[in-house]
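There are two complexes below, and they share chain A, which is joined by chain B in the first and by chain C in the second.
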Partner chain A sequence: MSKGSQGNKAMKEFLSEAQDFVESLSRNLIEIDKAVKTGEPDPDMVNEVFRGWHTLKGLASTFGVEPLSLLAHDEESLLDDIRLGRKVFTPHILDSLFESIEEVTKILGIINESGDIKATGYSDTRTKTTRGQAPDSGASGQSEDDNTSLVDPKNLIDSEILEVLTEFEEHRLQINLQQGQAIYKLRISFSLMSIDQELEDIKGRLRPVGEVITYLPSSESNDPDMLDIDVLLALHQNRKDLDTALEGVSADIGTLVPAKMTPGARFDTVIPAPPTAEQPSDSLVTDHDAAAASEIERQEIPGRGLVPQQKEQSISLRSVSQSVRVDIGKLDHLMNVVGELNIIRNSITKISDELRSINEQRDLANELHRVSRGFDRRLAEMQEGILEVRMVPVSQMFDRLSRMTRKMSRGVEKEINLVISGADTEVDKLIIEELSDPVMHIIRNAISHGIEDTGERRAGGKPEFGTVALTAYQKGNHILIEVEDDGAGIDGEKILEVAIDKGQLSREAAASLSEREILNLIFLPGVTTTAEANELSGRGVGMDVVKTNISALSGVVEVQSELGIGTKFTITMPVTLAIIPALLVSVDENTFAVPLNTVAEALTISGADVKKVMGIETFTLRGQTLPLCRMDGFFERPRQGPIPKGSRLLVASLGQRRLGLVVDELLGQQDVVIKTLGRSLDETRFFAGATDLGDQKLSLVIDTAAVIEVFFTSNEDFTQPAALVE
Partner chain B sequence: MTSRLLIVDDSRAMRAFVRGSLRGFVDCEIDEASSGFEALRLLPRTDYKMVITDINMPDINGLELIKFMRASERYRDVPIIIISTHSSKQDQEKALELGASAFLPKPFTPPEIVNVVTALIDEKGSES
Partner chain C sequence: MSNSIVIPDMAKLNTESKNSVIVGKEDDLMLVFLGFVLGDEEFGVDLHLVKQIVIPPPVTWVPRVQPYILGVISIRGSVITLIDARRLMGFEASDRHDTARVLMVDVRDERIGLLVDAVTHVRRVPVEAFEESPELDEGSMTDHVVGIIRPDEQTQVTVIDLKEILLEAMR
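Take a look at the complex of A and B:
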């Protein structure tokens, strides 16, 4: 076929839709998993999972991804059985469903990497025992058909309605009839212009009182701008509750089947209402963006008899395109353009400043200055806008992590309760991607080494459920991600022993380490407290890698732990890496950029303020000893003699460590776009990259985290006084 | 005026696939709706030459869409092609009973949908 780019586009859509599906599926499964433990899962959610697999199967077979369509076929049939009441969720079934998510991810990964739709390298690695053969698959729970034969809706409901119900909707109707629920038909008039909002409103009102079987559009309406819809509702509460729920809505309420007290009826018991998410109100309000989007839509659709109301009509198209998917590469490109614009802007500013010093040109210079200020503001807005687009909620990562946690806890047979907070905190997309693995590793450690066995926990008077709290929040320009467990804590003595054994530390040096420094030893290669390797987290391989990966993103990871109480890892990351405000400083006539978010304050300093402590220059800042690092010395061109008068001191602070950076001069503040130095300069570890400051000169951007790290490692003897730790 | 065709499916990849398959073979503009409700909103605006719809969609399903169109004087004669999986025979039968013009089981190839669409357009052309 000659599909070329069209086919390619469809293919891309397929991959991205499949990815979306995996994300929503995993969210839904986690909800279902929770619901199964306490009662019945929301049928809507089960149906959504079914429909997801159904769609995926159709897509996979259409696009010729055979392993995926086979997998989706299995899952679709399974979910079909469940939603139609032929099977119920068992732990085994849920396990296999969770496994399938991993399979889909694997297949998509292979296609993505190889670009080969046939995904030839794929082989099904699922444990075959989880499906069908499992002792409790579907049978142990009570299937709804088992009790009594289903009520035949044909005798109770008009065939006009039955003929348009899908198999699933018919099934839900049967279930509700069997339970003796009353069936109502509510006729509600919707305005075509705002049908989306109105519908969400109605859904929100009805959710607490019953189950909507379907919506039946009626073609009887005379008004071309209105649409009458019959809502087929199984009422789980009293009629009074329905009236209350619909207060203010003009609805024509008709009873199709009255509530019955049949033997199997649960009329007076409260049916667990589906989780009442607070969503409806979110989508009610039209915003500027949406209105703008619909302006465009309007041009594409030739109106028919809607001229007098065109403006309102256009608003009704709101939901047609609310979001746009963008390749991150395109955003990077835009960001680069903004970076270039920034450089041009700086040049313009310089020229305008120079012009202002020439008397004859003053008017023109002022004009240029004014214009360039306006340009500055707009550019800043644009930059902010692009940064905002790059931001995604950490929930993207947390969803994946909670799935893995569930799987792991089953693997080690520990009960783990993962408590997530701050999932809506937003972080740059690239950071999220890079951060997943390190955080995963920390969680894995918490589960396999941190949390004790159930028996041990019981003996220690702890709840049998181990808790891992995953928290994200923003603090200034940083995102903090914390992983905290209530496990056994890290045994400092053991760590010390291992570190000495591995030759990472001399016994003498060990004696002078603070508690925090001892804990930090776990970030050294080969240091671990576990005697045996296990399947989950290996044997001490990893925490050093975790640290390296996080440092590569200009972040820091810190650990706190109390024996018997638990362990807490805190990762501090910049919100974005794309563009950062930086402080320009000069050192020995070279200009460097220091990321502003790593500088707590700047002071003037001279040699007289400096005291030597254990051979290291220090400065007393508000009663606390701050070790100093002379930047000229750091870059291997040390100048002799005391620190010259008028030098500047930057208090660099990252996580809990502080270091005074001594520079010659502060040149000002500027937003810089960091370009990497390229592979050949990988060894230059004190620099995060280079940036163009607009005067055609390159400046190096200092990697404060690395400088602090190296300073404290190479001055091992210098123990930072505890007072500095906040 | 070029004629327009409406694709209703909650999968954007499926819509893109249908659109891509028809491009170059069928001379018409294509609109897309991601739900039954969206289709109901788009329908009054344009005289669609044809509607291609899935069955299993949230809220308003494909069957309801067929019934709605067949009951309306304006849309009564617009050909409707159902694209859906084989999995529910019952749904398929209902669709044809309600007046769907053709049923194309998923998965289908680009030539298959091109054939069904052009056949229906020709049929319609020879009628009038």
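Take a look at the complex of A and C:
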């Protein structure tokens, strides 16, 4: 915080804003990519991408990030050509657009790492030809328009309207005229109070029946509270459909140009392209100016695209965006304050309980109790509110991943269909950040090792398109992210061989492994299914790193696979790490917190309930054998003898694994704020951090996932204290 | 209030020391160390290394860590690892006295606490009174003795390179 200089702050601001643009750009590009495969991309979407680059260019030059503003300028020009129909989307152009986003990410990365907004050292290694200037992407794209001639709207539509159209809008108008679509002018009255909502509603209604070319505020309104807007619509359906779409809306519908009965037929009045100087889209106007003009025009329409809130305010004073960018560190601080308030709350509760035991203070005690109950509720609300702010949809990560998947599938020349579902599932921002790399690695593996070559797939009777399904959903206090492919599956035999070769496993031990245990060997360092490394995977970063990273976030990763059918990785993560409900337990007179979301149930247990299986202490829970882990032994303070009467058993479950944690006492439940441990304690993996419970002494928060992990994989025996063996 | 700060801000005492060659160099003429006690021996460390001195707050035991790590303590809302200087430097464990203090030092970007038996004085000595690395028995700890100072007739202080000792232990 101390080094929060002005420049630093500006840089952060810039980075976070630029990142937002990159994300929305890539989202739109992915949509366009889909649309190009099936037909025509939505012109609105193309325009959106153009404007995105335009804004990014402005942002970059404001902050003096030269390479970025140059790049953005090139892309902006390219997209301008496309939206005005001078070029069409080819796979090549799309590739270059996706690449440019990668380049931007690179530049942002350099700035972020060097901490210098003017950081040099970036050079675009791509040549002009690879940046969408290749011959096949050239001006020939306009083939249809070139051979024919453009329709001059001048003779069909009043100049009053034409004069205010932007170049892009005019282009769309021409395209529609040329296709013989009918052009309508709809005059609709909006109340100033709710214009945003209503306009969005109208646009939504009109989208299925035609294309909204533009909407312009009309000056001829006599009611000061109402605003008339003229919507210029190219109707693609019947007039009847328009009436149905506008049912219940009082609109004055005027036909400007009737539909051509034979689409494709030419109008009498034609002019050759390029447009002449008399046209509204004056050729002297540069692309940049046109874009700027379109920007201004749009802003003149009051409160466009806003979520209508605070309607009582003057419309012109509304800001463009209703959201605030917040440093996650500030939220962490707020969370800490809430944690401290929780501690104070506990003290108040204690005092009020004590007061109640004093007879003459009963009234005051009751009053205090009532007030503190109210305080409790508000505090809980506040906590929930702050948590909610930290939550972001996983789409932030999925968008990045789908961009990468697309690039990768072209790299390995396999056709990959990435199916995303549950992108609106919300997770803590920090978890998303940390999870990106592991998930990316899994997808990378799925594409390079999982999905077979096209030929092999055909031979195996599978569709040539390999499918990778990326799914997110919430289950209780956990979020599950699944990466499933329909590839070749993991060959257990091969894995075993490699693991034995690498010395991770003895041949005898290998013989006793279950199928699941064999699959889990892929999480060991150095174990891989493919012999040679390629560009995309196998560069030394293995699944062991994936597992370590996920464990560091208190998550688990599991794998299921069937030969010839496919592989599925499931990542189970807590929804948030900031503040969590926890069970307070004691082990050997020390208080520990156990995250509640990892505990399925708590029971009372004594030595008599314990059955041994091959020396391992177990408990039979509803007919199922549950291995027991005595926490005193696990923490290397084993006590002699059987489990004492009245001990508590926490049934910890994470993913498919269950383990019984035996503790001395259950002290209660409390929401705890987790503070990280210093690097000097890196070697202990069993704690997610420490928390202040208000008694001046810290309590450690047990990382249940790590305990389960170590219990099942380590050779140590935690069920039987050493002293018991004698 | 158990962890009230004894010397509120050591940083204020610190002078620019970046260029000093000898540990604890204050200026061209004087060296400055913080003296602390372990058992019956007084040690000196570079004053600039110590960021804060606190009375030991309640310690939380951390299982399965190196024996010289006592646990964690809470200092101004942060979780700090507490290291037992006795165990770290090969002294026998003993009961804690009221005089015990925690020296806060920064190692590898992390602030950690070092529990010592007592803090004596800030020791200022002229450069020429610093006896550099005396010949001692071979040993892992004697390697870290930088020199000896004698602030007065009765007192002898063993100056150690605390940072090196900590780095070596945490490696």
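Convention: the second predicted complex is superposed on the first by the 607 of 726 C-alpha atoms of A that agree within 3 Å, B and C clash if a C-alpha of one lies under 4 Å from a C-alpha of the other, contacts with A are read in each partner's own complex, and residues count from 1 in each chain.
Convention: a contact is a pair of C-beta atoms (placed from the backbone, for glycine too) under 8 Å apart; a residue touches a chain by one contact, two chains touch by 3 or more.
This structure is a prediction, so every number in the text was calculated from the model and none was measured.
Peer 1: Using the touch definition from the top, say if A:D80 reaches chain B (first), chain C (second), both or neither.
Peer 2: first
Peer 1: Once the structures are superposed on A, label A:A690 by its partner contacts, choosing first (chain B), second (chain C), both or neither.
Peer 2: second
Peer 1: With both complexes superposed on chain A, which partner does A:K675 reach: first (chain B), second (chain C), both or neither?
Peer 2: A:K675 sits against chain C, while chain B stays out of touch.
Peer 1: For A:Q361, using the defined touch cut-off, is the partner it touches chain B, chain C, both, or neither? Pick first, second, both or neither.
Peer 2: neither
Peer 1: Chain A residues in contact: does chain B have more, or chain C?
Peer 2: Residues of chain A touched, chain B against chain C: more for B.
Peer 1: Please indicate which partner A:Q504 is in contact with in the superposed arrangement: first for chain B, second for chain C, both, or neither.
Peer 2: neither
Peer 1: Which of the residues in chain A end up touching chain B in this complex?
Peer 2: Within the complex, chain A contacts chain B at residues 1-3, 6-7, 9-10, 13-14, 16-18, 48, 51, 54-55, 57-59, 61-63, 69, 76, 80, 163-169, 192, 195-196, 199, 214-219, 224, 227, 300-304, 306, 316-317, 319-320.
Peer 1: Which part of chain C faces chain A closely enough to touch in the complex?
Peer 2: For chain C paired with chain A, touching residues are 2, 57-66, 69, 72-74, 77-81, 83, 107-112, 170.
Peer 1: Over in the complex, which chain A residues touch chain C? Could you list them?
Peer 2: 336, 590, 634-637, 675-681, 683-684, 686-687, 689-690, 692, 695-700
Peer 1: Would you pull the chain B residues touching chain A in the complex into a rising list?
Peer 2: By the definition above, chain B touches chain A via 1, 10-14, 16-17, 19-21, 23-24, 31, 36-38, 40-42, 44-47, 55-56, 58-61, 63-69, 71-72, 85, 87-88, 90-91, 94, 97-98, 106-111.
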